[in-house]
Amino acid sequence: MKVELLNYTKDGDKLIAQAAKLCYSEAGLKEINENLSPEEVDRFVHMLTSLGHMSPMEHISFSFYVEGISRACSHQLVRHRLASYSQQSQRYVRLDDFDYVIPPAIEKNPRAREVFIEAIKRDQEAYEDLVQALMEEGMKDKNLTDKEKNALEKRAIEDARYVFPNACATKVMVTMNLRSLLHFFEMRTCLRAQWEIRNLAIEMLKEVKKVYPLLFQEAGPGCLRGPCPEGKMTCGKIKEVRAYFQGGQDD
Amino acid sequence: MKVELLNYTKDGDKLIAQAAKLCYSEAGLKEINENLSPEEVDRFVHMLTSLGHMSPMEHISFSFYVEGISRACSHQLVRHRLASYSQQSQRYVRLDDFDYVIPPAIEKNPRAREVFIEAIKRDQEAYEDLVQALMEEGMKDKNLTDKEKNALEKRAIEDARYVFPNACATKVMVTMNLRSLLHFFEMRTCLRAQWEIRNLAIEMLKEVKKVYPLLFQEAGPGCLRGPCPEGKMTCGKIKEVRAYFQGGQDD
Amino acid sequence: MKVELLNYTKDGDKLIAQAAKLCYSEAGLKEINENLSPEEVDRFVHMLTSLGHMSPMEHISFSFYVEGISRACSHQLVRHRLASYSQQSQRYVRLDDFDYVIPPAIEKNPRAREVFIEAIKRDQEAYEDLVQALMEEGMKDKNLTDKEKNALEKRAIEDARYVFPNACATKVMVTMNLRSLLHFFEMRTCLRAQWEIRNLAIEMLKEVKKVYPLLFQEAGPGCLRGPCPEGKMTCGKIKEVRAYFQGGQDD
Amino acid sequence: MKVELLNYTKDGDKLIAQAAKLCYSEAGLKEINENLSPEEVDRFVHMLTSLGHMSPMEHISFSFYVEGISRACSHQLVRHRLASYSQQSQRYVRLDDFDYVIPPAIEKNPRAREVFIEAIKRDQEAYEDLVQALMEEGMKDKNLTDKEKNALEKRAIEDARYVFPNACATKVMVTMNLRSLLHFFEMRTCLRAQWEIRNLAIEMLKEVKKVYPLLFQEAGPGCLRGPCPEGKMTCGKIKEVRAYFQGGQDD
């Protein structure tokens, strides 16, 4: 999995503080700016976060480029509706020898690993066989132009991809505003989230912490900021989870 | 594919006319209702549709139950963000001998069909082998309670499903308001849409036409209401497409 | 203020239970329905609410007709973006002797009440004077058709309404799905919310409780379900607030 | 009215081209970047715009600071739901001698102007009288701390503002992504839009054209890109409107 922070709102913390101040002040923006020291920005951002006043957070956003997640993972990812996505199309792009994601538990289990790799290989072969069978039928006794051949191939790969496994890797660009992103982190860095989207969320969190350490200081699963929101479905590991997110995720 | 209209706003056309009248009238709702004959409702709904004044359309919504579409299709479906979804989870539900969708072009091509069915069978076997290998490892030299075994199985199927193909069938409940639904029909009944989601959209359209023929009278691809919006990417079959949607889709 | 529940999803609790069951069950809808007793529905809805698993709640929605709230209130109301609105237009509707909302604290204070009523009356006169002055100018030395006179009047009221006060009453139709509605109740029934939108939220809550007592059993400000989310900005009256919402709002 | 482009996504056109290319290419982002000349970016952006493929446009966004629009205008503005707002609160900010917006047709009509200014003045007086009457009542025979006095004042201005007119000026920060912004321009630069929000939209369009001339080349009312979408409600001035937007708005 590769996660890159492709673009984000510069001076975003300042923008948040400006927005928040605007709501409660007689002053216009010019006057607000004159009194907005970096310390004041920090103080404001911290106050908003702790009070859960999230609307000023919407003014700034983050764009990620993600490569090497599975289609199982991307199907979960795009369920977050307050976000924008551009994803590599399996309909338009011919993917011979596709990349794939192997779950860690399968990687570590020799028998499972063998079964898995074998299944992937056969899917790759089936894909190629299907493209070939469909194209041969389309070309039989015909003299197609290059353009017609391209159209034929497109139709063939559109159908052949039905044998691609969930493990098949995809590429996607994701943009979320800060409010939506914090919610994403809350849901998906939780230990009860599925391992792959959890890894994705953690990588994304690492990236944004590099550029805005303060804004994401308390970002992570709900249990960082109160009791476990999962109730009796809790993972039961609050202490470890808190230590991981608050102590730095790099070790 | 099975599509069922599970629930929808009753007296929805009346609600739309009420909402639209409210905007432009001094009268309150009571007085509006007194002057709202069925003919008046029809006239209003038609006028709004033709002017593209869509906001009153948002007050009514439609819930569908869909069974037997592929995960390739559901991944596209959930990209429509102004909608609500509840989908059968591959993480929580063990799916031995899963159902699957076979693309028509593959169904009709004997060689492709053979390759496809064979691939599906091997995926089913790989899934079962993976679940078994992962569970055996987890149980080795241990005496697990039933609860622990369940947890173990859940983790195993969560990973084993990475070999499921796109063709794997899923079940999903979808709710959209009328405005969002009309947009969905516009995008997805177009001949350039992928065949499976196009079939889904057409089935959904048939269902809602049964209960509100007038509301969906002009629903369908953009070319029903003007020139092809795809420009030079057009399918070039406007005449046939119009005949299909305006002449009744049953033949 | 008049609040009417105009339309809502029938069998909504059942729909929620179906949606939730679908996610975690191998069964299709038919089988799910066979095992869905009213008690089972209740149990499911309660479980989802307590776990905060809100997505199945989105499948059902509620439409309200609201009359006699101020434009100050409607400006706040339409800030809730996951909702649909149709509001009486001040641009299109001539409102001589407009209705208005008088804040209770002003109603009770004789001096303030006098100032307020006087201000309203003068605004009504200014509105009429402005419409007249603008129309006279437009008609001077001209022989307008009725259609031209109507267009002229429309332009005049569009501008004259700039003297309407925030207190001016409006009519609006609102539709929200259950998830969004519960969030609205959480924000707006809080004692720290502005009194008018709080009254509106409480009236709406009363209406929906009549048709779905169980679904809205725990609806209300955040402090009904945990500590005050406003932190040190708390109203400090948790006990009274809880008694009010849990003991019945009718006294 | 003052409109300032406060923040926006840098290299936004490149981001759009990257997103679009990602969907249809086998290549990862690195390889895409290597082949992305400024000309190629321009070509892609133009193609997407003309085809109406809007989803890659969502990755970039624009934040505006707006001062001196009326509350009549801001009430319309916040109806655009795919956007984020932070607005100066009339509940929290005491606004003696508030600024206001005077409609041009009223400004030009001496009689109307006099009525209007007079109405504004009396509203300002009524506001101050109300604050005073409410505070006097609250302080009568009591010895309030400064904090209690502040709370009292806050409650007073919260109610006194009910006499503020629609003309009362407000300050607001708005953020929209490009897709939503283009839709806003389509709706609100139309001659049939109300004059004040139309002026706002035109000012916003001027600001963004300075930083991304190509992206907004065809932005404006629907009639720039086809027949008038308003049908028989058309303003009938397509030629003038097109000349205005396509010839430069500065004269």
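General remarks:
We call the chains A, B, C and D, going by the order they appear; numbering starts again at 1 in every chain.
Going forward, a contact is a pair of C-beta atoms (placed from the backbone, for glycine too) under 8 Å apart; a residue touches a chain by one contact, two chains touch by 3 or more.
The structure displayed is predicted, hence computed values, not measured ones.
Chains that touch both chain A and chain B: C, D. Using the average of C-alpha coordinates as each chain's centre, B ends up farthest from chain D. Chain geometry summary: the mean Cα position of chain B and that of chain C are 31 Å apart. Spacing of chain A relative to chain C, judged by their CA centroids, is 35 angstrom. Among all residues of chain D, those that touch two or more other chains are 85. Of all residues in chain A, those touching chain D in their complex are 4, 6-7, 9-11, 15, 18-20, 22-26, 28-29, 55-56, 58-61, 63, 65, 67, 84-89, 92-95, 171-173, 175, 177. The touching residues of chain D, counted against chain B in their complex, run 50-52, 229-231, 233. In the complex of the two chains, the chain D residues touching chain C come out as 70-72, 74-75, 78-79, 81-82, 85, 90-91, 101-103, 105-106, 109, 111-112, 115-116, 118-120, 122-123, 126, 129-130, 133-134, 137, 155-156, 158-167, 194-195.
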